[in-house]
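One chain, chain A, appears in both complexes that follow, with chain B as partner in the first and chain C in the second.
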Partner chain A sequence: MLFGAPQYLVSGLTVGATYGLTALGFTMIYNTTGIINFAQGEFVMLGGMLSVVLLKAGLPLPLAILAAVLCSALAGCLMERAVIRPVGRAAPVNLVIITIGVSILVRGVVMLIWGKDTFALPAFSGAKPLRFLEASVQPQSLWVLAITLLVLGALKLFFSRTIHGKAMLACACERKAAALMGISVERMAMFSFGMSGFLGAVGGAILTPITLTSYDVGVMLGLKGFAACILGGLGNPFGAAAGGLILGVLESFGAGFISSAYKDAFAFIVLLLLLFVKPTGLFGGPKSDRV
Partner chain B sequence: MLRILGLVAAAVLWAAQGFAADPIKIGAVVSVSGPASFLGEPEKNTLEMVKEEINAKGGLLGRPVELVLYDDESDVNKAVLAAEKLLKKDGVCAVVGATTSGSTLAIMNKFPAAKVPLVSMSAAEKIVTPVNPFVFKVAPSDRHAAGRILKHVKAQGYKNIAILSVSDGFGQAGREVLKELVPAQGFTLVADEVFGPKDTDMTAQLTKIADAKPDAIICWGTNPGPAVVARNRAQLGMKTPLYMSHGVASKKFIELAGESAEGLMLPAGHLIVASQLPDSQPQKALLMAYTAGYQERFKSPVSTFGGHGWDSLKLLAKAIETAKSDKPEDIRDALEKVAAFPGIGGVFTFTPTDHNGLDENAFEMVVIQGGDWKILQ
Partner chain C sequence: MAVSARSLQLAVFAGLLAAAPLALPNDYYINILILCCFNALIVMGLNLLMGYAGQVSLGHAAFFGLAAYTTAFVTATAGLPVWAGVPAGIAVSALVAWLIAVPTLKLQGNYLAMATLGFGIIVSIVFNEAVNITGGPSGFVGIPRLKLLGYAFTSDTAYYYLAAGVLWLATLVSRRIIDSRTGRALRAIHVSEQAAQAMGVDIARHKRFVFVLSAVYAGVAGTLYAHHLTFVAPSSFGFNFSVQLITMVVLGGMASLWGAVAGAFFLTSLPEFLRVFEEMDILIYGAMLVACMMFMPSGLVGGLGKLAAWLKRKLTANPTPGQKPGQKPGLKADSRG
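Up next is the complex of A and B:
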């Protein structure tokens, strides 16, 4: 009965890390602006696609990834400047609809330029699997887990220790008060879009060797990432990452022990049950009803 | 003076019309744009190429061929409108199309009423079972591909089979056929797993399959899923032979799966292994000629789908020539008598009960070796 359990756990953690990284990007923007950015999945896609394109253009892999990540961060900033700031006074729900529009636009442009094909990236340190307990692990999975943890730690420090991080949190709590304290709310908003573009693209670039990429990978990742956010408690970076990992493991165990045909259903049934019992998510405090 | 010129012009026009014989009008409904354009575009290119080739050789029955082609934009409703226009307004003697199974199923019932033959380029088995007297198709069925795999499986002496399919239309159609054929041919189906078209990790399914200890795994899907399955199989260190479907018979699959594609087996049309075929193979010469002609003219690689365009128009041309008539009903009768006709997709033999005209031999078993296809003996 328990045959394969270590393997399911490893698979679940790898897939879960992809959800978690996407969820982190959602959290960044939500924490500063109160907006759910549905173009988050597209940042992940951009990170992967641009890495592939730059690698094909002849750049070495680390440089291609670095450039792709920076381009995506820039795209995030650009998105805030071009479409979010001009309608800054609008209700959050209007802004959310705008982000959906941006996601469709980005997807369309990437499809027109690079086509509908799927692409792969080489793994960072070989593809020879490692044996661990009874499971085999791709070295790339370890990269993904390590980088996810690293990013998580850095974010934690950023929000609790640096003046910029605290300023960003202040903007989300009360824009007017933050502005009166001398914080440039607009710059913080742009900064948060840039950072979540950066986070998404890091995720996209490190995941592509495992998951492959194409112009439309952002749709499903965005959806699962958002679910991970809700599961972990909206606005909590730690909760977002944990939510992603839990979602991934649930899916993997569901597919392994019950039926792979209903894989996507298990995660969402658990999510629904949890929300009935604890509407603020696993790690969400009372803070989450502030919007 | 003007008047005289006008008279002369009129006379010349009248004479020209008299000299050029009435063209033979063949209609086509093709998804040149939209999501199915990766199928429709090579089909359209090929149809036009074949038409020009026929006309350059003097046409059919001494008359030029005119192709009335409509783009259905991968939309079933537009395909229906296009079919009605072809039958009622353009008065064509036969129709090629549609590109997708859904569109073909939507338009095919108009053809018996109009008594005009339709040659479809899509794969669904329902198009020709039960036989509709006026409807033919040139794309091989999933059943042929599955049958070809199982023939190879049987030759290796394998008993227990696991299937792993994608949860979209293509995967589930293949799964149904396999679930019927596997027990019917004396194998035991030990695992039946499914994955989503956008899934990025199938180790859970493969681990479950490994637990059932099959002798061989058959994976049915189109890119990118099967590439992930291949990678995960290598990751898990599984040695169980893995068969893929004809849905991944493109270089893209080898590119995506990388080294983990080595040793995988799949049924593929003869087109991709044309140069490895023995010279005695009846299709070889025309496969090579089609590949060279298409690549030179359109600067892009040939695909099986373009081959469906070649087969449908050439089959109609053959029927018109044997019938010595362009009356739709004569063409239909002649089509049904076509036998051992070498095409791109296979060697066609239509009968009153078989309007697909192909069998398992439309596929060649190939193995991936050194990043390329190799025919399995």
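Up next is the complex of A and C:
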């Protein structure tokens, strides 16, 4: 009955790590600005696509990925500066439409330049599977998990040890008070867009050797990232990462044991049921409303 | 005899709808106009939900699709007449909305967005995967054209007048609801649920009412859509369409009846105008979305209102006889550029 469970667990965790990184990107922007960035999935796509393009242009793989990730981070900063900052405190739904517009734009540009084909990236260290608890593990899965853990550790240090990290946390807690303490809230907002571009692109680049990439992979990855955020409780970075992993594993088990055709539906059904029971997600705090 | 502004608006709208096909050269454009009417119908319902009651739905394409597939199944697979399929489609939409309304509408803000989004995706996956009922990704073919009371709507113009008539009736119904006690209760819920509750508004009941109502609007559009195209495919009812619907609501103008119509007609016909740019059309579409939201935050209707006010200021700012010489008139209007 549980035949293959370790296999599904490994593949679920691998995909879940990317969802988690995407979800962290959502959380970062949501915490500093209160915006749900529907272009988040495009950062993931950019990470994968730019890596492929730069590799083809002759850069060695590690450099190509580094450059792709930095470009995506820059794209994030640019997005904040160009379309988010000018509108200031617009209604949340307007900001959502703006981010949707940006995602259409980014997708369009990538499609026009590099076409609609699907691209692959070579695995970071060979493709010979390793045996682990009756599961065959691709070395790339280990890379994905290791890099995700590394990024999480770095983020933890960033928020607890650096002045910029603390300033961002301050913006998340209370924007006005942060501004009064001399923190440039605008700069932090731009920074958060840059960081979530970075996080998304890292996820995209490390997952591409396993799942391939094309101009339109961002839509579904973005949705999954958003779902992971909500699953973990919006605004909670730990919840976002955990939500991503849980979602990935749920999907993988659903596909393995129930029906692969309904694998996406399965994750969303669990999410809906959870929301009906606990309306603020798994690790979300109790609801507090200002009347 | 005084005619109220609202009746006048409705009359003008009826006139515009009736005259629209006369200005168009061929059937292709009439078809786009029909699609505009369907979308306007859904967007009007969604605007009641989002704009007036403040409840976001990122899964409205599902209700549109449920009705379309139901009537397709009833008429084409089960072989029943169209007059049975259409009410069945609308009823299924309404029933599903009624069932999910209570647990879903307890959620707030982004959690509500996620729940409706998830619902929409689940439904669209079912459309894709339940191949022996829906025909799967390649679509459902052979849906009969609409035939009511012995009259078959074979020409596109006839179908347009039907769609436009339904749209006009829906506008009338919406107008009456917005101006009623229920409409005021919905707006109160939007502003503050706590305050509305304190004033005696039954929040759960009103939210469910407007949710089911918006599903009925989408259902009517869905059944008419199925019997117009005689073919439906899951790609028409996916996440992208739900997002387009929201965009139409916001771009037209939240909480504005005419905004919903304007947003739907504008965004449905826009790709046709952008066709001249060939491959660049998607870029221009995205850029226009961003630009509209940046420079017209209150939507087309709000933007036009502002433009009208600005023009009025410009016009009235002309020097009047009583003005002192040398005084610069309309400084305020000038400085806005």
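As a convention for this text, the second predicted complex is superposed on the first by the 285 of 291 C-alpha atoms of A that agree within 3 Å, B and C clash if a C-alpha of one lies under 4 Å from a C-alpha of the other, contacts with A are read in each partner's own complex, and residues count from 1 in each chain.
Everything that follows uses one rule, which is that a contact is a pair of C-beta atoms (placed from the backbone, for glycine too) under 8 Å apart; a residue touches a chain by one contact, two chains touch by 3 or more.
Please read all numbers here as calculations on a predicted model, not as lab measurements.
Novice: Could you look at A:256 and tell me whether it touches chain B, chain C, both or neither (first, second, both, neither)?
Specialist: first
Novice: In the overlay, answer first, second, both or neither for which of chain B and chain C A:269 touches.
Specialist: Second partner only.
Novice: Per the contact definition in the header, classify A:4: touching chain B only (first), chain C only (second), both, or neither.
Specialist: first
Novice: Just chain B (first), just chain C (second), both, or neither: which does A:177 touch?
Specialist: Neither chain B nor chain C is touched by A:177.
Novice: May I ask you to decide whether A:101 touches chain B, chain C, both, or neither, giving the answer as first, second, both or neither?
Specialist: The second partner, chain C, only.
Novice: Using the touch definition from the top, say if A:118 reaches chain B (first), chain C (second), both or neither.
Specialist: Once the two structures are laid over each other on A, A:118 reaches chain B alone.
Novice: Can you pull the chain A residues that chain B and chain C both touch?
Specialist: Touching chain B in the first complex and chain C in the second, residues 219, 261, 264 of chain A appear in both lists.
Novice: Looking at the complex, which residues from chain A come into contact with chain B?
Specialist: On the chain A side, the touching residues are 3-4, 7-8, 10-12, 14-15, 18, 116-120, 127, 129, 136, 138, 207, 210-212, 214, 216-217, 219-220, 251-253, 255-256, 259-261, 263-264.
Novice: For a test of understanding, state which residues of chain C touch chain A in their complex under the given definition.
Specialist: Per the touch definition, chain C meets chain A at residues 50, 56, 103-104, 106-108, 110-111, 113-115, 117-119, 121-122, 125-126, 129, 192, 194-195, 239-240, 243, 246-247, 250-251, 254, 279-280, 282-283, 285-290, 293-294, 297.
Novice: Note which residues of chain B are touching chain A in the complex, please.
Specialist: The touching residues are 38, 167, 193-196, 198-201, 203-205, 207-208, 210-211, 223-224, 227-228, 231, 234-237, 252, 255-256, 258-260.
Novice: Which residues, counting only chain A, touch chain C once they are in their complex?
Specialist: On the chain A side, the touching residues are 36, 83, 86-87, 90-91, 93-95, 97-98, 100-105, 107-109, 111-112, 219, 223, 226-227, 230, 234, 261-262, 264-265, 268-269, 271-272, 275-276, 279-281, 287, 289, 291.
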